[in-house]
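Letters A, B, C and D mark the chains as written, and numbering starts fresh at 1 in each.
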Amino acid sequence: MKIQKIQGLIAAPFTAMDVEGKLNLSLVKDYYAFLKRNDIKGAFINGSTGEGVSLTLDEKKLHAEAWAAATKDDDEFKVITLVGGTCLADCIDLATHAQAQGLYATAFTAPFYFKPNVNALAEVCKIVADAIPGMPFYYYHIPVLTGVNVAMYDLLNAIDGKIENFAGVKYTHEDFMDFLSCLSLENGKYDMLWGRDENMLSALILGSKGAVGSTYNYAAPLYNNLIAAYENNDFELARKLQQQSIDMIRLLGKYGGIATGKAFMKLIGLDCGEFRLPVKNMTKERFELFKSDVDGVGFQSFKSV
Amino acid sequence: MKIQKIQGLIAAPFTAMDVEGKLNLSLVKDYYAFLKRNDIKGAFINGSTGEGVSLTLDEKKLHAEAWAAATKDDDEFKVITLVGGTCLADCIDLATHAQAQGLYATAFTAPFYFKPNVNALAEVCKIVADAIPGMPFYYYHIPVLTGVNVAMYDLLNAIDGKIENFAGVKYTHEDFMDFLSCLSLENGKYDMLWGRDENMLSALILGSKGAVGSTYNYAAPLYNNLIAAYENNDFELARKLQQQSIDMIRLLGKYGGIATGKAFMKLIGLDCGEFRLPVKNMTKERFELFKSDVDGVGFQSFKSV
Amino acid sequence: MKIQKIQGLIAAPFTAMDVEGKLNLSLVKDYYAFLKRNDIKGAFINGSTGEGVSLTLDEKKLHAEAWAAATKDDDEFKVITLVGGTCLADCIDLATHAQAQGLYATAFTAPFYFKPNVNALAEVCKIVADAIPGMPFYYYHIPVLTGVNVAMYDLLNAIDGKIENFAGVKYTHEDFMDFLSCLSLENGKYDMLWGRDENMLSALILGSKGAVGSTYNYAAPLYNNLIAAYENNDFELARKLQQQSIDMIRLLGKYGGIATGKAFMKLIGLDCGEFRLPVKNMTKERFELFKSDVDGVGFQSFKSV
Amino acid sequence: MKIQKIQGLIAAPFTAMDVEGKLNLSLVKDYYAFLKRNDIKGAFINGSTGEGVSLTLDEKKLHAEAWAAATKDDDEFKVITLVGGTCLADCIDLATHAQAQGLYATAFTAPFYFKPNVNALAEVCKIVADAIPGMPFYYYHIPVLTGVNVAMYDLLNAIDGKIENFAGVKYTHEDFMDFLSCLSLENGKYDMLWGRDENMLSALILGSKGAVGSTYNYAAPLYNNLIAAYENNDFELARKLQQQSIDMIRLLGKYGGIATGKAFMKLIGLDCGEFRLPVKNMTKERFELFKSDVDGVGFQSFKSV
């Protein structure tokens, strides 16, 4: 299989919930249109931002179907779904379903209860990837959540030549030595998608072309401007924009982590409801404080519209 | 609800698989008889040893049903099933099923992808426990696998008075200060089950009465003798037996961890097949080495029969 | 060299400072008398509690000399000095000095900047121990501070037969499997001193006879009563006393850690001044709160006098 | 004090030892000439690479004096000495000595036994910096060795306006969000020196101008070429050179870590002897293997000469 490289921003959408905490699939069509409007090239659904681990198997399928339906007339927009979890049979079930729905690619992360070493990880990747021949398969590297801190350089060497549809890695970790080594491997064979929005610039200089992230949901113009500044060799501007992204991202730490993302979505007018437990949402009082802090970092000037 | 205290050994059974890696439920009846013969008081199924995380939802239910059927005429033998995972809806589904099947108790562990703090953990415990009113609910504390290292003393204080069927904790961690504090809380209200076979003696002296573990599957006489020695104040003997248990457990480290347990089961003649990926099983060559090492630690003299 | 086993409590004294933060050696004589009065069998000086790492080489020597002088007529009382640090030449210098002063034993911990593996650690132990032939040499195992988490069972196996004056280990870690394995090794050849006051009871049942700790400075009666209760097989009482020790120790966490110890010393009337930076001391306001909390855990009933 | 910014490469020299493991100060003059020849702008002595923690106080002073003497006629070449350790009195002694010797700057790292939080760290920085008024003071951030993982953005905010000679940070950590935030702070007031040779390119794009590292000792041309390529906007070449640096650095992991550096020095003909314990040196057999691997990564083409 010829590996195609993704260029530009892929958003990791939030999964919209209604007031009772049930899936709100009716929002997906608007969500897609919103991302397109902000020059986003695809959606990485059911991932960390999308609370895939908090959804049932059926919900993950319904969510994938909704995105397949919403994007069915758009050959350019790439929908990738995460099928990771601890039960491989479920992963294969979801991957097969994704392929049947015509999604662009499947992503998979390491089982995160019994944590595999590099060889066991290569083996499980193969089992899932082989279930969807011809469909691009990405490994999702996020050791801070999975606890599986295998160097991707070692994984690529372990799978090389053994998994025909292994496309690359969504790299949500901060090991640039490993990341550049992966980019360099076999003349840049693999598609390495950067997953840390707060230091995209340090990945761009290494040759990274595509990125997957959660803040691209609500601040796409900031990052598209950052990429343009980099490509125009205007590094002063690129740094300034990256620092703005950092100031915004620092608010996630201040307001309780991943759930803050849905608060940003409320601000831009695409209400995705709340996160499910065990993630805790902001109280109303905190949300008011949050809004004033958001203005302080210039959000109005670079938010998605 | 009046909390009943468990006394003696609860085994955490392996989930029997056939040669194709499918559930081998036909073994459950023999497994139960075998445990009974070795003076085991109950079974903690679908846990870490039971590969619950590697089973589908349906498989976990079928497994629970098989244990319910095998033990239906035995009022003394306690079957506890772990319903933990990252999706709370699945946990509630499994807990409700366990109650309908008439199992003794439900156990639950912290969601292990998005890791809750103590307050969020108390909240998720309540949601699952409230779904099975009247059925004992245990929290399963195993931070080495979940990455959720909340002190149980803090959890018990957070839930106290709020979850009527919260029975206690299966404590698979080595924080004896925390463990004794839990035992002391409210005049010993909670049932604290020790989960580290290799240092049971250090828990007994603190007043621990019940224990849940994987090596009780194949070396029950060793531990029953250890408890008897302790109760007879024969501490020299108790230490000697604990050291034997350690020598045996050290083989798990040497031969690859949790999968070694199913190798022990082959030795005692109750073949449970292999572990599913991502856990790797011993090769045949390693198994031969393992067998000779097992004799070296005196396994023949204290194995379950 | 015949290894002698230490029985009973060894206190790890605070290093007394004057109001300017200089050594207050004049207090050592009273300190020694105070420990004797409370049935303490020895002093482990210049350790963690003693801020050895915050003292200059000369100060450590002066401190050792003061303890040597104070105890020179007492053949029973054992003074052990820690000579650990990152520079081996300094460690050898201090060990040689300790031997010249006639102290009972030297203790050494792993260099904690470049962290050795077990073989390198065995090598450095030998270099220091060989500088003081005939003087008991203890390894001080405290991975939470050194970051060197080598199993002591592995270290003892690595040094066995190679260091004639290796007496044993001050074990300040919570791995009872490792601890019992060390106690069992070669028919109990090594002197294993327990270093976690908050779970002494779990070590006693394994056969531990000696203990080194900081809370024995100010609450010796509590622990001597605990040991007596254990030896009388009155386990209910032993647990109750251990829980009292835990309640007291929990105050250290609440009031900022190691510096809280010197606050306890003020309460019992042996003012050792303040900790040096980087350790921060309690403010006066916090000290008032602390005093009321201390009464709440029954400190008056079991404090050293 | 006006903060001057360092531009270009600062090497962190190895401390030369003779065959008996004693300081070989006679090599310092040649070492300096060698660094100059390879367009190195300064030397960061007594640091991690320089085994400062394994030297006695007197040795650190003698080493500083030798570098002061060797560079006394060179106003451009900057010698910075690390005075960090766990005893603040020693640090102040060394800093005062460095100032008296006319070195360019003093660096200090967090005490690494009792690990301070950000406020205590700011306090200890002030105490050491205040002892050398007018001399640039750098904080050396290397959490992988000190275990003190305070964000430098927080430290700079904590000390800002309180330490007049605080010049900046030697940043040996991979948190580019924190690093860029420090670069951005108060219009780039602080001198942020990059300390991870293997991803210098990702720091250059953020505006980093100076770097301190160990591989600049023996592969300076590689990095000077990398910087030139970056400044010429030839990013393809810059990436290729960074990848070469990574391939070389991967050999450090393969051959045992920091001690591999002295093996590289032997290859370029400036024999610095061996590392002191607890660091272990390569055996002769390993050294032969190492030499062939070194050729495989193209070392001859970019080594210092």
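Methods note: a contact is a pair of C-beta atoms (placed from the backbone, for glycine too) under 8 Å apart; a residue touches a chain by one contact, two chains touch by 3 or more.
Worth saying up front: this structure is predicted, and the values here are computed from it rather than measured.
Novice: Based on mean C-alpha positions, I'd like to know which chain lies farthest from subunit C.
Specialist: A
Novice: Using mean CA coordinates as chain centres, what's the gap between subunit B and subunit C in Å?
Specialist: Here the centre of subunit C sits 37 Å away from the centre of subunit B.
Novice: Quick one: report the Å distance separating subunit A from subunit C, using the average Cα coordinate of each chain.
Specialist: Taking the average C-alpha coordinate of subunit A and of subunit C, the gap between them is 51 Å.
Novice: Would you give the residues of subunit A that are in contact with at least 2 other chains, written as numbers and ranges?
Specialist: none
Novice: What's the contact topology between the chains, one of line, ring, star, complete, other?
Specialist: Here the contact pattern is a ring, one closed loop where every chain has two partners.
Novice: Spell out the part of subunit B that touches subunit C in their complex, as residue ranges.
Specialist: 174-177, 180-181, 183-184, 198-199, 201-207, 233, 235, 238-239, 242-243, 246, 249
Novice: Could you list, by residue number, the parts of subunit B that touch subunit A in their complex?
Specialist: 48, 53-57, 85-90, 110-116, 119-121, 123-124, 127, 145-147, 258, 276-280
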